[in-house]
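Structures given as structure tokens follow.
Each of the next two complexes has subunit A plus one more chain, namely subunit B in the first and subunit C in the second.
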Partner chain A sequence: MSQFAGLSDISISEDIPVEGDISVPVGSQNPDDDFSTLDEPVKDTILRDLRAVGQKFVHVLYPKKSSALLKDWDLWGPLLLCVTLALMLQGGSADSGEDGRPQFAEVFVIIWFGSVIITLNSKLLGGTISFFQSLCVLGYCILPLTVAMIVCRIVLLGALSSVSFVVRLIVVTASFSWSTFASTAFLADSQPANRKALVVYPVFLFYFVIGWMILTFSPSP
Partner chain B sequence: MANTDFHLQFQEFEDEQGFTEHNQGATTVTIDDPIKSRKQRKATGTAFEEDDNDDKTEIFISSKGLLSGQRKSAPFWTFEYYQTLFDVDSHQVKNRIIGSILPWPGKNFVEVYLRSNPDLYGPFWICATLVFAIAVSGNISSFLVNQGQPEFRYVPDFSKVTMAATAIYSYAWLVPLALWGFLTWRNRKITSLVSYSFLQIVCVYGYSLSIYIPAVILWIIPSEGLRWCSIVVALCLSGSVLVMTFWPAIRDDKPRITIVIISTIVILHVLLAVGCKACFFSTYEMDPSKDHNEPSAATNTSSSTKPK
Partner chain C sequence: MCKTMSASQGSTNTNTEPWGSFEDNNIIQGSGSAVIDMENMDDTSGSSFEDMGEMHQRMKEEEEVTAEAAAIHPERLSHMRVLIYLVSTQVWQAGKQQASKAFNLYANIDILRPYFDVEPNQVRNRLIESLIPVRMINFPQKVAGELYGPMMLVFTMVAILLHGMKTSGTVIREGTLMGTAIGTCFGYWLGVSSFIYFLAYLCNAQITMLQMLSLLGYGLFGHCMVLFITYNVHFHSLFYILWLVIGGLSTLRMVAVLISRTVGQTPRLFLCGTLAALHMLFLLYLHFAYHKMVEGILDTLEGPNIPPIQRVARDVPVVASAVVNATIKSIAAVVQSQ
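Moving on, here comes the complex of A and B:
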């Protein structure tokens, strides 16, 4: 080991030139070059977005703690669900002015305005989730309630009896708890620990109101 | 060592300004909700920026030494200002709701529960819950009343939600605004009054409405006696919370003004309760009329929808 004995005397002096080449490999690292979506056929674009939306639907129906909804948020799914729900709640009757049935715009406003208020609430309480991620989660978790609406419409094609009411009540209650549970599974991690209940309660109220609108829907004669 | 004695004393703060003047440089411990102060002691250093309070300088003793809470320095057009208004934990909200439902003589709601940390979470969401509770219960009760008639087709009345929302939110914001303005004006003449900030008054009013939520749910049962009974009980409880809160602020004033203020607070509270009942729970099938002066209209059973 004696050849290392003199190493302690080595110091870098100014007369040793340090030179060389620093080269950074500049390849085609620009991701836009690889995934330029301008040239692809429109069908591919639409199918890709639809597949993303469908994948998120699956995540909502089987809520596990995954970050798929949060990482790649989009608002197409919520828009689709909201329009479907509002159209079905409207009943399609021309004389809906005299009923107190919610108009299309009212349902739309409730869903979007409600989502915005809940998002603001969770951010004000110190949540780390971003605004649009939260809107995305809340919108996608309306899916069980939309399914319940479809089921209720089908049930109402039969007679308007108390049996149908009980069936509808069970379906709406189950789907409303499913929605609340699913959105809590996605949102709960981003909240401080001692405020989880404060964030979950408005979500519960929101889905309760939507479930109420679905349950009290009665078709026009 | 002398500070540990403070832990054992329960201090009532009568006059907030006097307290801060006397104790400008002293080391004081504010006797707080024990759970809250324990949590704050645990959380010093990490959550310390949440200790900003709006109009009272509080000094907390922590393991890191003497740390002083500052006034809210964020201007009101920034998001951080509003975050300080939502600086509550779940158990704090629960305690405040319980404190507004079960008033204890001598426990001023503002001093015991708010402690210069008024929040807007409670008032906003309690009002929202009340609005939807009224709408849902009103619909259910009108459905139950008309259920026996075979020709009746139940139609949900959605306009009730907007009416209820307007009434309740304007009560919860405009009345505190008027009260705060009046108290501030009187405070200039009589300087020894306990003064509440606007947010504290909004907070008290918001939490005092929480007793109405179970009362409104009880109104589903179509029995007039039960409805009036629950109104009276709810009015007594929430009215006494309000009266006990504002009594220290106005008792030094002239007795005539005191009586006028107290009776105004109580009368407005009564009007809200009776108005909601008459408006949303009348058993008329026709458009509900906003008639505060005819509570007897609600006792008429509707016969207009019976088919002839």
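Moving on, here comes the complex of A and C:
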């Protein structure tokens, strides 16, 4: 045992008891916690998710530099907004596509396909944001355009005149620039400084197309 | 260096080597057999060191799972529940590993990353240069191989086309407006690029597919400008002037680049003639396909056949439409008499 010769100096004096607990570091949850959210009533789950979605809506309407949208992303809000917008752009006419009105599937596909393209583009340009975070941000920032759609529908309940067109134009332009500004506030931080314009342009185009679809919407006679 | 495995669930492996020795990899857990099972060989990974790393990682995860299970007080859970937990965790981890491996192999967007490595001022310069034909055709002109600019131009053209289709009241019966616009623009960009690349291969031109995609994509900048102006300002003479000038400039630019990369008169003529024809005719088609005044031609030439794309009659000034219809009818009569 020559290799242990050097260790003979080290000794633990026997009057100090060595005691303690050795615990294997476990993951912070045991299986009981995994199942605990299944036992809660459905109302709690729905309310919790709705509260999270509502909180993110507030963050979109007042775009400060907060990371709530990014840290715990979820896709419920975008789905809600997308479905609402698509249903409202559908109009009451049962005859699909008779006068060039976008169909439900068209709006849905444009929003999700456009978001995926913008996300891929921002990732390819060297962004640090993850795929679903970017989808979450782009989806939530459709909120001002949905609000504009509701306003346009209300305005169109009146006469279809040039005044109503000007009002709708102003509302849609304002909400489209709000959407672009809000999503830029979240997305552009993750890009290198000199490439922000390259990321902002597709976002601008995306919200422009959606805003244009809202502006050219006319109800069925 | 044989390792013996106990034939129970949740057995632990005693590795004497830090990287995990060879025999541990392919022994099915719980079977107690020392035979290497080739089904478990991972044939999608490259080097064997990756395999070692993955196997080691997998065994560490299994050890963690069993350590978690062991740390749970046995009197709170029955053995069945431990079993279920272990099995489900292992299935989840195996599935996650397979999915992440497949994802990294097939959905690796890093392949495209070098083609998006541009600065905004580079994009702006290339956009402006796409309308300036080069003069030196004696040595090959440099073509930037990037895809950001072309893709953004194609999407812009989709948006402009959508606007044009909407204002002209085009009704698409079998399909959607957006689908048609996207199909037209992407079909042109990808299809004509591939076709010209194939012709370039036949004519021995020195151009790669990426360069052709990039060249044609930037050539769409002229188209975007002309369509943006003429979908909003409806004067035929203005369109023809813009078609010749701007369309012509962007075609000349592409043609000059191709000429500089091709040797021989006949290949040059063939290749550049085809590209010029396709590019100019595409702009002509885009203008007239979604234009208000085309009803006259349709009524005269098509007759009872109803095409898939229909137009809704719009209110145009009576005099102008009468003049146009008369002109078109006379042209149709001349054509039919020949």
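The criterion applied here is as follows: the second predicted complex is superposed on the first by the 185 of 221 C-alpha atoms of A that agree within 3 Å, B and C clash if a C-alpha of one lies under 4 Å from a C-alpha of the other, contacts with A are read in each partner's own complex, and residues count from 1 in each chain.
Everything below uses one rule, namely that a contact is a pair of C-beta atoms (placed from the backbone, for glycine too) under 8 Å apart; a residue touches a chain by one contact, two chains touch by 3 or more.
If you're wondering where the values come from, they're calculated on a predicted model, not measured in any experiment.
Of the two partner chains placed by the overlay, neither subunit B nor subunit C lies in contact with A:Val166. Applying the stated contact rule after C-alpha superposition, one finds that A:Ser218 touches subunit B and leaves subunit C untouched.
Put simply, more of the residues of subunit A are touched by C, taking subunit B and subunit C as the two choices.
By the touch criterion stated above, A:Ala105 is placed in contact with subunit C alone, subunit B being left untouched.
Using the contact criterion defined above for the overlaid structures, shared-chain residue A:Val209 touches subunit B and also reaches subunit C. Look at A:Leu47: by the touch rule set out above, it reaches neither subunit B nor subunit C. Contact with neither subunit B nor subunit C is seen for A:Leu87 once the two complexes are overlaid on the shared chain.
When the two complexes are overlaid on their common chain A, residue A:Ala174 makes contact with neither subunit B nor subunit C.
Shared interface residues of subunit A, touching subunit B in one complex and subunit C in the other, are 99-100, 102, 106, 121, 123-126, 194-195, 197-198, 201-202, 205, 208-209, 212, 216. For subunit B in complex with subunit A, the touching residues are 39, 50, 79, 82-83, 85-86, 88-91, 93, 121, 125, 128-129, 132, 136, 139, 153-160.
Residue ranges on subunit A touching subunit B, taken from their complex, read 99-102, 106, 121, 123-126, 194-198, 201-202, 205, 208-209, 212-213, 216-218, 221. Subunit A makes touch with subunit C in their complex at residues 23-24, 26-27, 30-31, 97-100, 102-103, 105-106, 109-110, 117, 120-121, 123-126, 194-195, 197-198, 201-202, 205, 208-209, 212, 216.
Contacts from subunit C toward subunit A in the complex involve residues 64, 67-68, 70-72, 77, 81, 85, 109, 112-113, 115-120, 123, 148, 151-152, 155-156, 159, 162-163, 165-166, 169-173, 176-179, 312.
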